[in-house]
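Two complexes follow with subunit A in common, the first pairing it with subunit B and the second with subunit C.
For the complex of A and B:
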């Protein structure tokens, strides 16, 4: 029953690009070298295109002449439950949807696009890791995959108001910007809350948060369930529409950005009546228009870890560098930075999947060698999930590097806050 | 059927059949993704699709900047095979003569010696890629029957064409050569050899999907 649902879902996912990609693969194996799960383990099963094998057979059996014929004659093996169970760790534990293979494929296959679609079928057939299932269930039932509630957020807001002396607008109808946060920001990296308050206060922008749509983490797109992903996105859309905002600020969270900015309107089936802007994009706009003023520079040698969903899969590439160049006098790029950066290892739901922990820490050796090449002590990033993963990896490999969030770094360098909000 | 009649058939009806299967089959393979289509993207675009798609078609033909040693081998051998095959196909005087007789168009040929070198290099690259396919753990794992089938089908026209120069019975070898070519033509739309066209649609989709988000893929 579940198997049939899964297979049916995979067939439904096969669109023009998928058919073209499956038709084009010549099994050259180059994608292996682009995937940190292969490069760091040298295990052939982690070759990106191999992760698609069951879905490729479904494509052959349903969409190609010989495949259909052999399938009808019973000469082509149907995809089984056991096979999907065997593939589950390949599709989820060893793929962060980072998109590096999609840049490497010589025939042009967007393998990440393919894995994202295959996950729809895997989730429908019940073959998704327990950890991500649980995170998704918590997101749907409690409002957050990490279980944070509006009360958790309100407690942080109270602290932030006390710390900064700035009133925190909650549910302000008619504000220009609606800020949403990721679970990890509320639960772990709550320094972000006073930081954004200070920045927005200085820049004089009209903003708010929504008590019924404050959480942007989207486990739905990670597990591969468009229905659940749509429900999670809809909470933000409803709040944004209710509060009549012009912009929704996507937080320092890679997959939240993909979910909101690129998948969001497609998930709910209509264009947004507001614009989605990544917080780093906004800070760059505010700085270049002179509304955000920083002061002083940090001499510490610093580098920037590009979150995959923000850069390769998101298109926010120069903005963090524009910001960093203003405040970091000793900024250095890692080898293979920007759209070629290597993943932290925990994207695409891997961080929510405890079964994958050992593998994730093993493949962190790629990030380690990138960092070792430039010997920096401070790594800046703009994704709270990357940040957790980087901190864990650094701890695991006993490295001497600290990780900071870009927005907080900017807040530390804010020029004296202006008394009057600018028009 | 005697040898003459067979050759006459292969050059006439046989070739016509193979070319028709090849042409319409490939058109179908390319149209299929277009007909399947994709959902209209409702997210606000940051960039275009058409231009970035075309850019990726061109860009993925260039020598990649970052490669591991096995990546270098695959790309270099791949280049040599494809270029050698195309040079042999397009610049051998007999091949041009065939096109001239059929369509009336022609272009300058390369000297036979140069064609032989191209064909030999192409065969050598194919041989090297075969050894790599059965020894490299990644490629061995992801390869299936079709990978070996199309390898044979691609190799045969090159080998039999080269053998024509030294064949004791030229006509018999020519028959074998033409059969191998027609088999290849017929196989292309039904196998992964269809990548000769779908590579372009795949690269375009890849570049367009990225371009929409403002990323150069």
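For the complex of A and C:
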């Protein structure tokens, strides 16, 4: 862990897109107004592209003519350890990798991609927040960032089997789908476990869980270590290959989806022999193909919080709305919903970083104003991390809003087998 | 010719009436866009003026400028304007030769130091110490520097002395330059053109004699009254340009109908001069009226501005070849640079230490 290793790591990360993004930045500052850490604090240091300043200088000093010349002449000062320490809170505490800046950039620079890459150098130089380091250690050593183990899951499964009367397949070779969960779902929102079982049972799909790869969150991606991220992804890939499944179901967890669906094959350096599908994508497929049937509607006013990794990084926008429209008669959109939705403030490792708590709750004012605009008491979402963060923010601001998971909501409206219309 | 004779006395001797002289002054005043009452003032001033001493130095030139002024057609008031001045040295026109000729220049310089006008035609070669053009064993450069010292003002007649002209054209073997490239501490008027219009020369001289000052000048130090508009602005074929009627060859219907010569390379739109209004040969015509486009001779570097027969809108260089060359060179540099960068990233990848939880 030293400065040189960090700088080396950043050089290693500078690829074609990085170089073209840095050289095409026109310094317009439009990304500032796209970032909730800037809009809610009005502090210029939270301008997204500014968070990359040390890495930008490394790019100039290593890869550009003038940068190299000035560096050689000693006119461009080298990046120091102190500087990286100063940037640590900017790169980790005030960025949730939500992707809103990338969307706002008029020249198409993917700033989120750059922050993700800069974190590689930050982590290699030892400048990652303690909270995320600990979460990563737990993920590697214990099996999940929150410390839940396969035994915790097994206890929940036993409970759920009793509650639903449905047998839970574990390590079933030859199943179509492998279900993986996020540790928050196992530890906090465990009602999703029986909910998923009931839906899959009704839809009649062949599925299983794996005792070696049951958890899909990826602290390696949040801290910015592709080596560790690959190790975590590999657990699921190995289980899926061992069980010969055709699909792996990403849970209601934003960055787990990003890690599996988008970064996964690049991390392990080969294509997956299976497809990755988000649980909401799967539910939408099942519903549109008639295998998933719901009954009744709720007339409570409801809105939907789009998890950043699903809408902006993943393109899953219509699916949750298709599902909600079947069961919610009074669905309203928040202002700036869908692809422009504002982050809960806790993505990208921020929720695992206690140092950032105060800032995270401060910038939750953006979500509060979004909610205040439509005065809705029930907010549905499809990411367990968003859900925790939303609940904390709502508590902090003494708001009267209830947050529920979309999968559970669907399960509540699941048509009983007897109610199924005959084909 | 007596030195202290006034112009009106001199004209009367030549049989030129006062009425003819007034007409000349009025024409000059209107050409120079001066208010009408200044014609009378000019006549009065010119008639009374004592002739200032003028030294005319001819350097790397063809004598066309002098020809333009003195031989353009049968003697007129323009040529007689020489009578307004005491031309003390002009090696083409003077009778004296050898040491006597040089002495007359030295005398004029001594007697009228700080008051004489210096007229220059021809460019000054400076390569090899100026050896490419010498007079009486001295280089043009040397003569100009010496003579300019005592001059009240310098009038550069013709494009060579104004901007370097044809001797200055690429590859300029003699290192020909303009007067203004050498003399920087004297007022200089450039009367460009190859050759310049005679009445422009006389107009500037008359202005100096009447008002004691030089006329208003443009950014290239040319009198604004003559060089303020382009040939194209005042061209009688301008309406055809505006209607998009162009001659495509010198013998097509368009050419016969007198249509615009833009596509045949006329440089009128970028050339500032008075040809289209004062015309040449006693007001007979000017080049475009004879069916040939303007060459742009009163503009700097007119000889190097591409073919006289290429339209102004056509590029001077070969665009395809230049672009292809630039693209190939650029691609070569890019490949070299990117391979350097690739090596650097490759080395960083080689140096990568696998991160484990112990490293956190």
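By our rule, the second predicted complex is superposed on the first by the 415 of 423 C-alpha atoms of A that agree within 3 Å, B and C clash if a C-alpha of one lies under 4 Å from a C-alpha of the other, contacts with A are read in each partner's own complex, and residues count from 1 in each chain.
In this section, a contact is a pair of C-beta atoms (placed from the backbone, for glycine too) under 8 Å apart; a residue touches a chain by one contact, two chains touch by 3 or more.
Fair warning: this is a prediction, and the values are worked out from it, not measured in the lab.
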Joint occupancy of subunit A by subunit B and subunit C, clash or fit: clash
Residue contacts with subunit A in the superposition, subunit B compared against subunit C: B
First (subunit B), second (subunit C), both or neither touched by A:74: neither
Which of subunit B and subunit C A:63 touches, first, second, both or neither: both
Partner chain in contact with A:290 - subunit B first, subunit C second, else both or neither: neither
Subunit B versus subunit C as contact partner of A:141, first or second or both or neither: second
Subunit B versus subunit C as contact partner of A:265, first or second or both or neither: first
First, second, both or neither for A:38, with subunit B first and subunit C second: first
Which superposed partner A:110 touches (first subunit B, second subunit C, both, neither): first
Contact residues of subunit A, present in both the subunit B and the subunit C interface: 14-15, 19, 63
Residue ranges of subunit C in contact with subunit A within the complex: 341, 344-345, 348-349, 351-357, 359-360
Contact footprint of subunit C on subunit A as seen in their complex: 1, 5, 8-9, 11-12, 14-15, 19, 62-63, 123-124, 128, 133, 136-137, 140-141, 223, 225, 227-228
Subunit B to subunit A touching residues, read off their complex: 29, 32-39, 41-44, 46-47, 56-57, 60, 64, 66-68, 70-71, 74-75, 78, 133, 136-144, 147, 190, 192, 194-195, 198-199, 201-207, 209-210, 213-217
In the complex with subunit B, residue positions of subunit A that touch it: 14-21, 23-30, 32-33, 38-39, 42, 44-45, 47, 49-50, 63-66, 102-110, 113, 261-266, 269-272, 275-276, 311-315, 317, 336, 339-340
